[in-house]
Amino acid sequence: MKKLLQDYKAGKRSLNEVLEAMQKLPYHDLGFAKIDTHRTMRKGFPETIFCQGKTTQQILAIMSSLSQHHQNILATKANQTMYNAVKKIYPDARYNPQAKTITIKREPVKNKKGTILIVTAGTSDIPVAEEAVETAEIMGNKVEKIYDVGVAGVHRILDVQEKLRKASVVIVVAGMEGALASIVGGLTDKPVIAVPTSIGYGASFKGVAPLLTMLNCCAEGVVVVNIDNGFGAGYFASLINR
Amino acid sequence: MKKLLQDYKAGKRSLNEVLEAMQKLPYHDLGFAKIDTHRTMRKGFPETIFCQGKTTQQILAIMSSLSQHHQNILATKANQTMYNAVKKIYPDARYNPQAKTITIKREPVKNKKGTILIVTAGTSDIPVAEEAVETAEIMGNKVEKIYDVGVAGVHRILDVQEKLRKASVVIVVAGMEGALASIVGGLTDKPVIAVPTSIGYGASFKGVAPLLTMLNCCAEGVVVVNIDNGFGAGYFASLINR
Amino acid sequence: MKKLLQDYKAGKRSLNEVLEAMQKLPYHDLGFAKIDTHRTMRKGFPETIFCQGKTTQQILAIMSSLSQHHQNILATKANQTMYNAVKKIYPDARYNPQAKTITIKREPVKNKKGTILIVTAGTSDIPVAEEAVETAEIMGNKVEKIYDVGVAGVHRILDVQEKLRKASVVIVVAGMEGALASIVGGLTDKPVIAVPTSIGYGASFKGVAPLLTMLNCCAEGVVVVNIDNGFGAGYFASLINR
Amino acid sequence: MKKLLQDYKAGKRSLNEVLEAMQKLPYHDLGFAKIDTHRTMRKGFPETIFCQGKTTQQILAIMSSLSQHHQNILATKANQTMYNAVKKIYPDARYNPQAKTITIKREPVKNKKGTILIVTAGTSDIPVAEEAVETAEIMGNKVEKIYDVGVAGVHRILDVQEKLRKASVVIVVAGMEGALASIVGGLTDKPVIAVPTSIGYGASFKGVAPLLTMLNCCAEGVVVVNIDNGFGAGYFASLINR
Amino acid sequence: MKKLLQDYKAGKRSLNEVLEAMQKLPYHDLGFAKIDTHRTMRKGFPETIFCQGKTTQQILAIMSSLSQHHQNILATKANQTMYNAVKKIYPDARYNPQAKTITIKREPVKNKKGTILIVTAGTSDIPVAEEAVETAEIMGNKVEKIYDVGVAGVHRILDVQEKLRKASVVIVVAGMEGALASIVGGLTDKPVIAVPTSIGYGASFKGVAPLLTMLNCCAEGVVVVNIDNGFGAGYFASLINR
Amino acid sequence: MKKLLQDYKAGKRSLNEVLEAMQKLPYHDLGFAKIDTHRTMRKGFPETIFCQGKTTQQILAIMSSLSQHHQNILATKANQTMYNAVKKIYPDARYNPQAKTITIKREPVKNKKGTILIVTAGTSDIPVAEEAVETAEIMGNKVEKIYDVGVAGVHRILDVQEKLRKASVVIVVAGMEGALASIVGGLTDKPVIAVPTSIGYGASFKGVAPLLTMLNCCAEGVVVVNIDNGFGAGYFASLINR
Amino acid sequence: MKKLLQDYKAGKRSLNEVLEAMQKLPYHDLGFAKIDTHRTMRKGFPETIFCQGKTTQQILAIMSSLSQHHQNILATKANQTMYNAVKKIYPDARYNPQAKTITIKREPVKNKKGTILIVTAGTSDIPVAEEAVETAEIMGNKVEKIYDVGVAGVHRILDVQEKLRKASVVIVVAGMEGALASIVGGLTDKPVIAVPTSIGYGASFKGVAPLLTMLNCCAEGVVVVNIDNGFGAGYFASLINR
Amino acid sequence: MKKLLQDYKAGKRSLNEVLEAMQKLPYHDLGFAKIDTHRTMRKGFPETIFCQGKTTQQILAIMSSLSQHHQNILATKANQTMYNAVKKIYPDARYNPQAKTITIKREPVKNKKGTILIVTAGTSDIPVAEEAVETAEIMGNKVEKIYDVGVAGVHRILDVQEKLRKASVVIVVAGMEGALASIVGGLTDKPVIAVPTSIGYGASFKGVAPLLTMLNCCAEGVVVVNIDNGFGAGYFASLINR
C-alpha cells in the first residue's frame, strides 16, 4: 500500500491506476467461484475445495485455477467419479477412498516439529479421522494414528497415555456417545480437538449426541468442530503445531 | 379368585356378592387420587408419593391413606413447606433436603445381600444421587456412595474399580456430558443404571446432553432412566438386588 | 499384579520385564481395531461386533481375531452380504435375517435359571425383539417371546399377566407411542427393560416418541435403552438373570 | 342479503347504504380487540376470553362488550387478580382456582343428553381437567370426572370400563408419558379427546412427551389438542355431544 | 359372565372350565400377530391392517384370519406389491394407489345420515385425504371432497362456507403451514379434524410446521391427528357421525 | 360490484343473476386443483406451479388451464421428466436444470427500473439462487448475479460494496452458517432478502443453521424466507422493485 | 478517498496523515461499545440501541455518544428503570410501555408517501406490533394499525381487504399458530412482513409454531423476521416505503 | 514408579507399602468432592471451581483444600454471595462481577510471549468475554480486548485486522447470529476459538443460533466451545499460547 502511494506521488502511477490497483481482486473470478489467490499469504495455506454440491466441471475449473498459484491442493468430500475426472488431468493426484480426499502434492512441505496424534473411538470413525490425517499431512505435519480406543475398554486409551502427553496436539474422533474426548482431555495437558461423527443409530441423531457430549466436556482444554469435520480438525491442529 | 368361586358355589356368597367383590377396587379412592393398596403385593413396595404438582393438602391426604396399609412411606420431590406440614402429623418423618425426600420408616426392612454402589461425576450431581440413596435404603438395600469421580480425572474412577466390580448394581449419576456412565460400564460386569442430571449450562440443554450420551453408551450393560430421576434408578436397582 | 511383583522380587523377572508386562495390552491390535481379549473376564462375555459402518474385510478380521479366544461370537446389524462372506469362512455361522445378527455358537452355554420374557407391541417391532432374543440366547438365557400385545387391545397383555410376573426379567419392545412399557411396568414386580423402536411415521420421529414415553414412564421399575437397541436390552437382561 | 338487495331495488335504501351495510362489521371494535358478536350464531357459543397476555383493563373491556350480547361468559387462564377485578363489576362471577377460569352464568343452559367423561392419569393433571369441566358445563353438558387412574395401576382404569363405554365422549388428561390415552382408546368405542399436560420433569419437556405419545396413539378413535388445552378439549367434546 | 357363573353353580360347567373360559383369548394368535376378533363388538369396526413394516406374508396371514370374522377389511400404507399378492387371493380387493389402501367390501354398509366433508389445502395433500376418504367410506359414511382450497386464495374456501356448515364433520388436510384448519375452524360450527401432511420442504420439517400450526389453532373446535394420518381422521370422523 | 348492482337496479340483471354472479368462482376447478384466474389482478402475477408432490398429469392439466388466461408461466421444483412432458406440448418451454424451473415466456415483460442483485456465499448455493433469478426475470426485473462471495474471504464481498448500494434490492443466498446476510445487511441501505440453503453437513441440519443465523441477523434491514426458497425471495424482491 | 489522494499528491497531507486518515474509525469508541457515526450515511438511519443485556450506564453512554451526531434516537427492549434514568438527562424522551421503546425525536422527519399497515392476530400481540409502530414512525412513515383480526373470525380481516391493498407495505404480527400471515398474503399484492410472537402456550414453543407457519407460508410475497422482532419489521417496512 | 519398585526390591518398602502407594489417591477426598492435587502436574494448571450448583459451604471447603497445594485459584460462575463468604477467609480474593469469577493470585505468573486477543460482537457479550479474560490472565497470558465489533458494521472489525494477525490466538465471543467468528476466521491465519453466547431472543434459542453458526463456519481455523463458556475458551487459548 505504502509502495503504491509512493509510486503514485512519484508519478510512476496515475490516480486511476492507483484506484484500480486498490480495487483489483485478490482472487480469480470463474463466475460460479472466486478463487482466493491471496489466501496462502493470508492464511498460510491455499483454499481447499469442498466438493459436496459442486459439479465435476466446477471442481476441475477451480482446480485448474488453483494450480496456477499453488503447488499443493486438497479436495475434500470428493467421490470416486470426481477423482477419476481429476486423475485424467492431474495424473499425480492421489485418492484416499476412506477419507474421500483428493491430494496433489508437488512441493515438499517442511516437517513441523511436533506430532499431531489422531485417535478414534471405534473402527467406524476411521473415515473422518483419515480426512484429518490427509489435511494435516498436506499441511506439513507429522501425524500419528491410534484407532479404536473407545472408552468401553478404557485400558486401551490408558495404555497410550504417554503418547497423549507427548503429542503437540490431539484430535479425538468419536461417534455414538463421544465420551472419548472427555477422557483424553483429562489425560493430557495438550490441546484436544474433538470431532463428533455421525456414526451410531437411534438417539445418536446423526452425530448430535457426540456433539453435545463434546461441547459439555467436563475436562478443560477440549474444543469442538462440526460433525464429521475431519478437515477442520486437521487444519486447526496444523495452525497450533507451528 | 378360586376361593371366591368356591364360596359362591357353596352358597356362602350370593351371585351379587361375587360380582361385586370382583369389581371391588383394590385401591382407596380419595376423589383426586386413587391409593393403590394392593401394590405392595403386586410390586413389592408401596406407592411412592410424587409431590411435584400436588398441594400440601393432597399430599397429607394420600399419606394418611397410605399409612393405614403401609409402615414405610417415601415421598419424592418434596419441598421444605411440604415437609413441615407432614412433620406435624408424623413426627417420625425425616427430610433429606438435598434429595428432597420425606421418609417414614417404621418397619425394619431386611437387609438384602448385595450392595448398591452410587457414584456421581460431580459435586453438583449429589442431590439426584441422594434421591436414589433414600429410595434404595427404604427398600432395604445396603448402599455405598462415591461422589465426584468424573472422567476429567479418570484416575479417580479407576481407583474404585474393585468396588465397581464387587457391587451388585451400580448407579451412575452425571450431568454435563455424562461420560462417566460409559467408563463405568466398561470397568464392571455388573448392571449399570445411568441417571442423567440437569446440571450444566448452554448446550447441556437441561440434561439432554447426558441423556443422549447415556443412551448411546458404547459399553454394554448400561440402561438409562429419565433426567434427574434418582428415585427410578434406586427403585430399579432394588428390583435387581433381590 | 501381586504375583508379578513377587516374581520380580524373587528375581524371576527383571525390572524391565515387569514394567513391560504391566504395559502389555490386554487386547489384540489389528490397526483399525483393538480386540479386547480380556473382556470375557472383565465383563463375562466377549466383545460383540457392531457391523454398521464397518467393511466386510474389517468384520472378517475382527472375527478371526475374536475366534482365537472365544468359542461363541455375536455380530449385530449385519446385512446379508456380510453374512455370506462370514459363512464361507465359518460354515457354522447362523444368520437371523429379521434380527440381522450373525451367531457362531460352539461352546454349550449353561442355562440360567430364570426366563427372559420378550414382548412386542406390534408385529413391526419383531426385528428389534429378535436382536434381543439372539443376544439373550447366546449368553445362555432361556427366552420366551410374546409378540403383538400392544395396548390398543389391552386384554391381550392382561392375558399374559402371570407370565409377566413369573419371568425373571421382561423386555418390552414398542414403537409408535410406546405405551406398552408403562402397562407392563404396572403389571409386574420384575425389572422391565424398555426398547423404543423406530416403527411409526410422522410425529413418531423415528423412535423419539416411544423413547420419551418410556423415559417418562409413570410405572416404577422400568429402564430404557437406545432406539432399536435390542442387543443392549438382551445384554442387560442377561446381566440381571444371573 | 336478499332482503338488502330487494330493499335497494325498491328504493328503500340507496346504493351507498347497501355498500356500507355490506361492509358493516359483525363485531364490536374496541381498538385493541374486535368482539365477535355473531359468533353465537356462527359457532353456537360466544367468544371465550383467553386472558393470558391481556391486561386486566382489556379483559374488563372485552367482558363489558360481550355482556351486552351474551348471558354466559367464560374466561380462561385467568389469575386471581383478574378475578378480583371482574368480581367487583360482576358479583355473580365465579372463579375455579384450579382451572383458572372465571364463569358468569345467567341463562339456564339446556342439558344435552350424553355425558362427557373426563379422566386424568394423575392428581397433578387435575387443573387441566377442571378447565375442560368448566368449559363443558357452561356449554350445557353433563360431566362426569374420574381422576388419578393412570396406567401404572391399570386395574384402576379397567374398573371404569363400563363408564368409558356409556359416555358420549371421553376426555383423557395425562402428563408424564401420556399412555392413558392409548388404553382408554382401546377400551371404548366412543370418541376420545386426548389432552397432554406439562406435568412431569426432565425428558417430558413440558408436555412434549405426552403430546407425541398421544399423536402416535396406536388405538383408533383418539384425537389430540394442544398441551394443557383443557378448554379446547371441553369445547370439542361439546360439539360432538349435540 | 353372569351366565358363566350361573352355569357353573348349576353344575353345567366345572370350576376349571370356568377359570379357563375366563382366560380364553378374545383374539386369534398367529404368533407374530394377535388378531382381535372382538373388536367389532368393542369398537364397532374390525382391526385395520397397518401394512408399513410388515412382510407381505404377514399381511396375507392377518387378512386370512380377519376374513374369517369380518366381511369388510381395510389395509393402509400398502404398496402395489402388497396389493398384487392380496389380489391373487381376494379378487374383489380394490386398491387406491393415491391413498395406498386395500379395501375388501362384501357387506353393504348402512349409510349414516350426515356427510363427512374432506378438504385439502393443495393438490399434493390429496393422497392423505384419500386415505381418510377410503376409511370413512368403508365405515359407511357419505363423503364429500373439496380439494385445493388453501388460504393463499382465501375466496376458494369462502365459496364453500355453506358446505362447511352443512357437513356433520369436516376433515382438513394441509401441509406446508397448515393454516387452512384455522380458517375452516372459524367458518363452521361443526367439529373439525385437522390432518397435517408432510408436504413442503425446508422449515416444514416433514410436517412439523403444520402439526404445530394445527395444535395452536386459535379457532375453537379443532382437534389434531398425527402427520399424514388420514386413516385416523376418517375413523374419528366416523365415530362422530353416528 | 358497483356495476353489478347498478345493472341489477336497471333491470339488466335479475336478482338471481346477481346472487349467482357474486358466487361465481374466480378460479377454474380441475377437481384436484382450483386454478386462480383472478390472481394476476389480485397479486399482479399468475399462480406459479409448485411441482413437488404433483404428478406430471396434474402439472400438465394445471398448465393447460393457466395458459388459457396467462401468457407467461413459471413452474418450480420441476424435474427433467416433468419438463420433457411439458416440452412436447409447449415447445417454447425452457428448462433451467440448476434452478429446476420451467418457464414459458410469450408476453414481453416491461423492464422495471431497479436491479435485483443476487449474491451467493458459495458455488453450491447457485441452484437456489438461480430459482430466484428465473422468478425475478419472468416478473420483468433486471437481475445481476454475484456468486461465491462468502465471508471466509471477506474482501470478495467488500469489493462489490458499490453494487450492493446501487441495487434496488439484494437477495443473499447462503448455506453452511449463512453469515453473508449479516455482512451484506451492514454494507447496504437497501432491503436484503436472505435465503438459507440446505447446503452443508453435520450441524447445518439441512439449512437450520443458516436459517437461525439469518433470523438473528444483527444488521437491520434483513428478512428471511424458507430454506431453499429461491422463488419466494425472487417474488418478494419483485414486489419491492416496482 | 479521491480527495484524500489528491490532497496528498498536492502536498497538503503527508504520507502518514493519509495512512492515518484511512485508518481513522468511522465510529466513536466507548470501550464497551463502538458507536457507528457513519451509519446514517450508510444505512439512512442511526444505530438503534438494543437495551437487553446492557446496563443502564452503558445505555446512557451510548445515548450520549449518539446524541452528538443524531437528532432522533430509538432504544428498544428498554424497561421502565432504564427509561427513568434516560428521562432525567433527556426530558424529551418518550416511553411506550407496551412497545418497551424509548424515543427522542427532535428533527422533523419527512412523511413518506405510502402507509405502513400493521395488523395483529390478537390483543396479546399488540406489544410487538407497537415496537414496529414506534420504529416505523421515527423513521418518518405514516402508520395505520388494525389490531385483533385473527383468522378464527376471518370476516374481520376480510373487512379490511381494501386497506390491505392500499397500504404500501403490510406488517402481520401473530402468535399462536400465525395463520394470519398466509391469509393477508393472499389478499394483497403488497409486500407482507410477518412477525411471529411468543404469545401462546404448550406446543407454540415460545413462538416456534408461528415462525414455522410463516416460513412455510403458501401465499407469495411474505417474508419473516425473528420472533417478537417488531423493530426489524418496522425497519424493513421503512426501507421499502421510500 | 520405577523408583517405587526399586525401593521395594531393595527392601526399603514392603509389598503392602508398594501396593498401597500405588493405590494412594492423587487427590484429596472431601466426601462430596475429590480435589485433584496432581492436576497442576498433569494439566499445568490447578482445578478450577465451577460454582454453579454447589453450596457456599462446598465451595469454601474445596477452596480450602486447593489452597494447600496451589497459590493461584480461579472460581467461575460465582455469585456475589459466594464471593462475600470467600472474601472473609481470603481477603486477597478478587471478584469480577461481569465475569462472575473469583480469583486469588499469590504467585507471580510468567508472562507468555504471545497475546491472546478477545473480541466481542456486542456490548452484551462482554460478561462471557470477561470470563475468558480472567481465565487467560490467571494462567499467565497477556490479553488484549476489543469489544463491540459485530458484523453489522463490518468496518469495525476490518479496522483491527492487523491486531487479528499479530495475536497468537483469537477468541471471538458472539451471541445473536454469531457471524463474527466467520469473518475473523477469514481475516487471520491464527487459531480462532469461537464462544457462542446466550445473548439474543426468539429464534436465538439461548445460544443455539450462534452455536450452529460457529460449528458450520465456512472459514478454516475456527473451533467452538460450549455456549457462554468463556472459561473454556480462555483455558484452551492458554494451552496454545505456550
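Before moving on, here are some points about what is shown:
Labels for the chains are A, B, C, D, E, F, G and H, by order of writing; each one numbers its residues from 1.
Following the convention adopted for this analysis, contacts are C-beta pairs under 8 Å (C-beta built on N, C-alpha and C of every residue); 3 or more make two chains touch, one makes a residue touch a chain.
Here the structure is a predicted model, which is why all the values come from computation and not from measurement.
Looking at the partners of chain F and chain H together, the chains they share are A, G.
Ranking all chains by how far their C-alpha centres lie from the centre of chain A, first place goes to D. In this structure, the chain pairs A-H and B-E differ in their number of contacting C-beta pairs, and the larger number is found at A-H.
For the pair chain C and chain G, the distance between C-alpha centroids works out to 58 Å. The distance from the centre of chain C to the centre of chain H, with each centre set as the mean of the Cα atoms, comes to 41 Å.
Measuring from the averaged C-alpha position of chain B to that of chain G gives a distance of 53 Å. Centre to centre, using the average C-alpha position, chain D and chain G are separated by 37 Å.
In chain B, the residues touching two or more other chains are 122, 153, 187, 202-204, 208, 211, 215-217, 220, 226-227. Every pair of chains in contact is given here: A-B, A-C, A-F, A-G, A-H, B-C, B-D, B-E, B-H, C-D, C-E, C-H, D-E, D-F, D-G, E-F, E-G, F-G, F-H, G-H. Contacts from chain G toward chain H in the complex involve residues 23, 25-27, 30-34, 36, 39, 50, 52-54, 58, 62, 77, 196, 198, 206-208, 211, 226-229. Of all residues in chain D, those touching chain E in their complex are 42-45, 48, 187, 189-191, 193, 211, 215-217, 220-227, 231-232, 235-236, 239-240.
The part of chain H that touches chain F in the complex is made up of residues 121-122, 150-154, 158, 176-179, 182-183, 185-187, 200, 202-205, 208-210, 212-220. For chain H in complex with chain C, the residues that touch the partner chain are 1-2, 5-6, 8-9, 15, 18-19.
Listing the residues of chain G that touch chain D in their complex gives 122-124, 126, 147-149, 153, 155-156, 159, 199, 201-204.
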